[in-house]
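Chain IDs A, B, C, D, E, F and G follow the sequence of writing; residue 1 opens each chain.
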Amino acid sequence: MAIAVFFIAAAVAILGGVGVVSFHQPIRSVLSLVLVMLALSVIFLLLGAQFVFAVQIIVYAGAVMVLFLFVIALLGPARELGRGRLRYQGWASAVFVLVLLGLMWTMLQGVQYRQPDKTDLNFFGTVQSIAVGLFTTYLYPFELTSILLLVAAIGAIYLSRKRIDESEGGPAEGLRPSAGVGGNLPPHQT
Amino acid sequence: MADDKKDEDKPRQPSVAQDVGALLTGLKTTLSETFRPVVTTMYPEDKTPRSERYRGRHYLRRYENGLERCIGCELCAAACPVGCILVIAAENTDENRVSPGERYAKTYEINMLRCIFCGYCEEACPVQAIVLGPEYELSDTSREKFIYTKEKLLEPLPPDVQARLDSKDKT
Amino acid sequence: MGVEALAESLGQNILTTTLGKLIGWGRGNSVWPLQFGLACCAIEMIHTATASVDIARFGSEAMRASPRQADMMIVSGRVSQKMAPILRTIYDQMPEPKWVISMGACASTGGVFNNYALLQGVDKIVPVDVYVPGCPPRPEDLLNALMILQERIKAQGITPRQ
Amino acid sequence: MSTLNIGGSQLDASWFLLLSAVLFGLGAIGVLVRRNPLVILISIELMLNAANLTLVAFARQLENIEGQLFALMSMTVAAAEAVVGLAILVDIFRVRDAEDIDDLSELRG
Amino acid sequence: MISDNLILERGVSAGDAWIAVAPENVHMALGALKEEGYRLLVFLTCVDHLADSSGQFPARFEVVYELRNMETRELIRVRAFIDGDPPRIDSVHDLFPPANWDERETFDMFGVVFAGHPDLTRILMPDDWVGHPLRRDFPVGGEVVEFSEEHETWQTAPEKA
Amino acid sequence: MTQIYNDPIGHWVVVVVAMALLLFVVLTATAYTVWFERVALGRIQRRPGPNRVGPYGLLQLAADGVKLAFKESFIPEKTDRIIYVLAPTIGVAAAFLAWTVIPIGLWGDLQYWIADVNVGILIIFAVSSLNVYAIVLGGYASNNKYSLLGGLRSAAQLVSYEMALGLALVPTFMIVGSLRLRDIAGFTVSWGPYHGPIPLILLTPLGFIIYLISATAETNRTPFDLPEAEQELIGGFLTEYSGLKFTMYYLAEYLNVITVSTLAVLLFFGGWYLWIVPPVIAFLLKVVLVVFLYIWLRGTFPRLRYDMLMRLGWKFLLPLAIANVVVTAIILVAVT
Amino acid sequence: MTTEIGQGITVTKTGEQGAFGGELLTINFGPHHPSTHGVLRLIVDLDGEQVRRLKPVIGYLHTGIEKQAEALRWQQVVVVTDRHDYLSPPFNNLSYALAVEKLLGVEVPPRANALRVIMCELTRISSHLVWLGTSGIELGASTMLMYCFRERDTILDMNEEISGFRMHTSYIRPGGVMADATPRFLELLDRFCNQMPGNIDEYEALLTMNPIFRSRTIGIGRLPAEDAKVLGATGPMLRGSGVPWDLRKSMPYSGYESYDFEVATSDLCDCYGRYLVRIKEMRESVKILRQALDGLPDGPVNIDDRKVLPPPREELETSMEAVIHHFKLFTEGYTVPAGDAYAAVESGRGENGCYVVSDGTHKPRRVKFRSASFVNLQPLERMAMNHMVADMVAIIGTADAVLGDVDR
C-alpha cells in the first residue's frame, strides 16, 4: 500500500518538476510547483513527519506559492520569448546537471546506511516531538530564523513601499482632474 | 438623533465598548425582527384589495338595460396623452340600437401596452362609459394580445339581459 | 451546449421527454433574474424583491449582478437610443437558455414617450417572452409575468426557443 | 541498503534520495535554462523542496528528529527568500518589463 | 447694481423679475450680478421662438439664465436673444461652475455654441446623433400607435413651422 | 465495529463506505444550508423566502442545481482554458478534503471519522489554505479586470486572516493539550461535583470571537465578502463563471461555511456532547445555530472596505490573538 | 490597448504611470452596473484601487421629456412630469403646477395646499427610504433595503388610496389636486405618522452608530460648504455641508410657512453628514405630516375655474354650459397667458424647479425641468477624487442622483 502511494506521489512530483521547467507561462510553472509540493507532503506523511507535512502545505503551498501567484496575476501574463543567450544552453545545462548527479552518485557509493530500529511513530514527528526539539536544544537557531523572517518582511515592505517623493509633491502631470467642474476649484484638504 | 443634534453632529471617536454596543444593538434589532410575522402578501393565493380609485384594466360599461354607455364622442381619445385609444363612431339606428344616444362606438380599441393608466380617459368621458377597474394582472406573451378590442373591453351583459338574449337565440 | 444536441440525436423517446420535464422543472423553478433597471419600473422591480411581495418565494431572489449567471433579463424602464446597444451586449453575454421580460409600457412600446429619444419597444433588439403593461406595473403584476414565464419554460423542456 | 517500515510495507530509503536528486536536478536545469526571473525563483524553490525531502528522509532513517527541524528551518528561509525575491522583482517590473534575466544584469534601475 | 447700460430691457413676467442683455455682454452682466450677490445659477436653458405668433422676440433663440441671491432670496432672470447658425454666445462656466453641464446640455439640445467652454460635446444624446432635438423644427419622432385596424394615427409632430 | 476497523481490508471497506456516505451527507447538507440561508435571511427581513418549490421550498435547491447543470457553460476568449476550468474544481476539492478529519458523534459512544490524525486541525488548515488557489486562479483566468481585482483582494484577505484564525485556536490547544479533534471536542473537566465535557468557549471566549471574525473572512461572507462585492466588482472572481463551474464555487463557499461552523462547534461548543441529547442531534443543532449566526451577521452588517479589512486583520485581530495566547499561557502556568 | 469584457465594460490600459508605480487603469463603470443607480456611466482612472480621475457620462436614460411636454396640452403635461424624477412624482407635479398657476395667476384653496404638502412630505419620506435602502445595499447591508422598502410600500399603498396609482400619482395638477382625500387615506396617514418614528429608530439602530457604517462614511466624499455653494448643490447635499438652505423655509410655497419644522443640517460635509441630514428630514417630515393631518382645513380642493378644470360630474347632467366646458377642456385644453414663469420646490434631492414658457396657446412652448440630480452629480469627481473604488460607490449613493431626473 505504502509503496503504491510512494510511487504515485513520486511520479506526480517528477511530472510537476518537469512542468516547472518546461511550461512557458509562469503561472503554469507555479501550479506545477504546487503539485510537487502536495506530492512531497504526501511523502513526508509516509516518512512519519506529520508536522512537516502540515507546514509544507500551510506555509509553502498555502502562503509562499500564493505570493508567487499573486505577483504573476498582478504583473499580467508575461511569456518567455527569448531563447537562451548561449547556444546549446539547454543541452549544456543538462550535461552539467547529469555530471552533478553522477558525482553525487559516486560519492554516495561507499556510504553505509544504518538500519533503523522500530521507530515509535506515536511520538516521532508529532507536534510534541518537534516542539521539544525546537524549544530546547534548537531554541537559538529557531529564534534566529524568526529574526530572519522579520528582516525579510521589513525588506519586502521597504522594497514595495510607496514612493513618497512622487506622491507628496501633488499629483504628477496627467493626474490632475480632467477639465470639468471639479477642476475649476482650488485644491482642497480632503 | 432628533433630540441632541449638537452632540451627534460632532464626529467623536466612539470607544471600543460603544462600537461593540452598536454592533450588538444592530444584531438585537435584526433578531427581534426575525421573530415577528412576515409582512408579505402571499400573491397569487392572497391579494390585497385595491383602492376604489385604482387605475387598472379598462372597462366599457353598459346601462342596466344592456345598452352600451359609450356614445362615440372620442373625448377619451382626445384626452389620452399617449394616444392609445381609437374610437370610430357610427350612427345608431332603430333596428340596431347599441347606445341610448345618437351615436355609438363602432370600433373601440385600446393599446394596453402603450397605456400608462393615467385615468384621463375616465375623467374625460361625459357618460362614464370608460372606467378603469381594479384588475392589474395583464401580462401576456405577445404584442398583438395587448390590443384590446371592444369585445374585450365591454362589460358582460347584465344577467337578465343575457338571459333574454339567450332565449331569443333559441327561438 | 450539449444537452440540446443530445436530445436531437436521441429523438423523442421516454428518456428525453422525462429528462425534458425534469430540466424544464428545474429551469422553471429557478429563474435568476438580471435586473436591467432603467427607470421608474426598476423601483417597482426592487419592490418585487423586497419583503412586501418577495420574489424569493418563487426562487428568483438570486439577483446576480453578472449576466453570466442570469437566466432572465427584466428590462424595466425606458430604453433610450443610447442605451439600446448596451442592452443588446448584455443580453448577448447571458448564457443560453435565456428569457426576457419587458416590464412596463416604456420598455414594451415606449409608452407615453413616443419620441425621438426612446427605443419604441425593446422587442426590436431582443426577443421578449413576456410583456407586462402598466406604468409602472404593480409588483404583483411582475410576479404574474414571472409565473407566466415559468409555465412557458416548463413547457419548453430541453430545447427552449428553436 | 536499508529499508524503512512504513505502514507494514518495506520501502528502500534510497528511493527517497533518488526522487530528491531528480527533483533537485530538474530545479537546477530550470535555474540554468529559463530566462524569466520569476521562473528562476520558482525553480530555486523546487530545489529547496528536494533538499527538504532528503532531510526528512534521513531524519526517519536515522530516527533523529533534527532532520525534520532542519527542514522546517529551511522552509522558513525559503519563505523569506521568496518574499524578498518577489519584492525585488515587483520593484523591477514597475520600472521596466524584465522578461529576460539578462536584462537585469545591471544594478542601476 | 448692475450698470444700466448692460440692460436692454427689464420687466416682470408672472411675478418673476427679468432683464434682457445683449448676447455679447452676457459674461459681463452675469459677472456683475455675481458680484452683487447672485451667486447661484439655478439653471441655464434656451427657448426656441421659431414660429412664435406674437412676433415680440428679436431673435430665434433666447438663452435664459436664472440666478439666485441666497442671502436676499431674490431671483433674477437674464435673457439674451441670439440668432445665427450656429447661434453663439459666451460661456459662463468660469463664473458659475454648474453652468458646465447646463451649457453642454443646451448645446446638445439646441445647438447653441458656448464660446470658451472647455468641453462642449454632446451630453445626453449619443455622440453620433444628428440634429438638436429640442429645436422646434426637429420632429418629435416616435411611431404610430398600433391598433388592430389601420385607422387614425397619433400625430405628435408640431404645427409646421 | 472496532474489529472490522482493525482488519486491513475491513478498514478500507469502512473508509470507502464512510467517504461515500460523507459525500452524500455533506452535499445534501450544503444544499440545505443554502436553503436555510435563504429562508433565514428571509425571516430576518420579514419575508418567507423560497416556499413554493416543494414543501416549504425544500426542492428549491434541486431546481437550482438542475438548472445550473444544464446551463450553457461559457469559457471566455483569450484565456487559459485549463486554469479556468481547474480553478472551481480546486475549490470544491479543498472544501471536501477538510471533511476527512472531522469526527462526528453519532449515538452514545459511537463516533464517525475517516482519518483520526493527531494533527487533525492542522490538516484542516492545510487544505483550506488551498482554497486561495480557486479564487486567485478563477480571477486570473477569467480575463476580466473585475475578476482579477476580486481574486487578488481575496488572496490577500485569505492569507491575512489565516494567521488570526490559527492563533485564535492556540489557547484551545494549550488548554486541551492535543490537536486531535476528538480530544478537543471531548475535553473533560472535573470542577467540584461536575465531571464531564464542557464547551471550551467558557475558557477562551476571546478565542471564539476572533475565530468567528476570521472564519467569516476566510469564507468570504458578509461583512467580509469583498472578493465578490456585487456593488463594486459585479461578482468578483465569479463574474465570468456560469453553469456548472459557477455551481462548484457556490458549493465550495457553502461547504466552507459548514466546515467552519462544524469546527466552531467541535472547538468551542463541546462537539456532540449536550447533556442527555443524542450526540448526532446535539451536533446538528449546534451546527445549525452557528450557521444561523453567520446568516445573522450577514443580515445585519454592512460590508467593510478593503483597507479596513486589512487593518482589522493585521492591527487588531492578530495582536489580540497573540495577547490571548500569552494571557492563556500565563493563566495555565499559574493554575498548574 | 482596449479590451471588451463582461457587462459592456471596457478596460483601457493608458500606459500612464500612477503614483503608486503601477499603470493607471481606466475602468468603465456602467452604464449597467449594480451600484450606479440605474444607468450612470463612470469612466474611472484607477491607480491600484484609488480613483485618480472620474468622468460621469450621462444620457443613457434620455427620454425627451421636455420635447414630449411641448407636444402635449397643458393638463396632459402633468403625466410626463411624473416620470422624470420617478422617485418623487408629487414634487415634479407641484413645481409644474406652481409654475402654471403663476402664469394663470390663480391661487389654490387651503385644503388643496394642505393635501399637496401631505403628498410631498410622504414622497420625501419614500424617496429618502429608497435612498437609504439602496445606499445600505451598496455598502453591503441588504437588510436595510428590505426594511426601508417595507415602509415605502405602506406609503405607496397610501398613494394608491388617494390617487389610484402607486408611483405616478399625477395627483397635483394646475388648479388644485386630482381628488379629495378619502377617509381611509387619512386613517392610514394617521397610523403611518404613529409608526414611522419607531421605524426610523430601527434604521438608526442598524446604521447610525455602527462602526463599520461610520468608518465607511465619515470623512468620505467631503464637500465643504463653500464648494457646495459654488457648485450649485442643493438639498441634502448642501445641508449635509452645513448650509441651512431649504426652499420650504427660505422661499416658502404651498403654505409651508405655517408648519413648524426644523431644517436639518450637518457640519460633517461627508457621506455620514448627508446620511444624518436625510434621517433627520424623515423625522421632520413625519412632524409636518402630523401637523398637516391635524390641521387639515375644510373646503374645496380645486380652484373654481371652469376654463382650467373640468366641472364636477353632477353638473354635466344638469348644465349645458358645463358640458360645453367639459368638451372644450378635453379636446383643446385651456390656454395659458403668454409669458414665462419659474417655480421651485424642495424635493428629496434638492431644488426641483420647473420653468415654463407659454406663447398663449393650449400647448406649452417650452418646459424646462431644473433637476437637483443633474446639478448634484457634477461635484462627483471632486468628491470621489483619491478615494477608493468602494468609497466611490458610497459617494454616488449619497449624491442620490435619480438618472431619470438627470437625463430627462
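The rule is simple: contacts are C-beta pairs under 8 Å (C-beta built on N, C-alpha and C of every residue); 3 or more make two chains touch, one makes a residue touch a chain.
Just so we're clear, the structure is a prediction, and the values are computed from it rather than from any experiment.
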Chain whose Cα centroid lies at the greatest distance from that of subunit E: D
Farthest chain from subunit B by C-alpha centroid distance is chain D
Of all chain pairs, the one with the highest number of C-beta contacts is A-D
Please compute the C-alpha centroid of subunit E, do the same for subunit F, then give the distance between them in whole Å. 62
Distance from subunit D to subunit A - Cα centre to Cα centre, in angstrom: 7
With chain centres defined as C-alpha means, what is the inter-centre distance between subunit A and subunit C in Å? 48
Out of subunit B, which residues touch more than one other chain, so two or more? 23, 26, 29-30, 33, 38-40, 42, 81-83, 111, 114, 116-118, 143
Residue list for subunit C, restricted to those that touch at least two other chains: 50-52, 54, 57, 65-66, 68, 82, 109-110, 112-117, 135, 138
Residues of subunit A touching at least two other chains: 51, 63, 67, 72, 74, 180-181, 185
Subunit C residues touching subunit F in their complex are 1, 3, 22-23, 25-30, 50-51, 54, 56-59, 61-62, 64-66, 68-69, 71, 95-97, 158
Okay, in this complex, where on subunit A does subunit D touch? 1-3, 6, 10, 13-14, 17-18, 20-21, 26, 29-30, 33, 36-37, 40, 43-44, 46-49, 51-52, 55-56, 59-60, 63-65, 67-68, 71-72, 74-75, 78-85, 89-90, 92-94, 96-98, 100-101, 104, 108, 113-119, 124-125, 129-130, 132-134, 138, 141-142, 145, 148-149, 151-153, 155-156, 159-160
What residues on subunit B touch subunit G, complex-wise? 1-2, 5, 8-9, 11, 14, 18-19, 21-23, 25-26, 28-30, 33, 39, 48, 50-55, 73, 75, 78-79, 81, 116-120, 123-124, 126, 128, 132
Parts of subunit G lying in touch with subunit C, wherever the complex brings them together: 6-8, 31-34, 38-39, 59-65, 67-68, 71, 79-80, 83, 86-87, 130, 133-134, 145-147, 149-150, 152-153, 156, 166-168, 403-404, 407
Which positions of subunit F touch subunit G when the two form their complex? 41, 44-47, 143-146, 149, 222-223, 225, 229-234, 239-240, 298-308
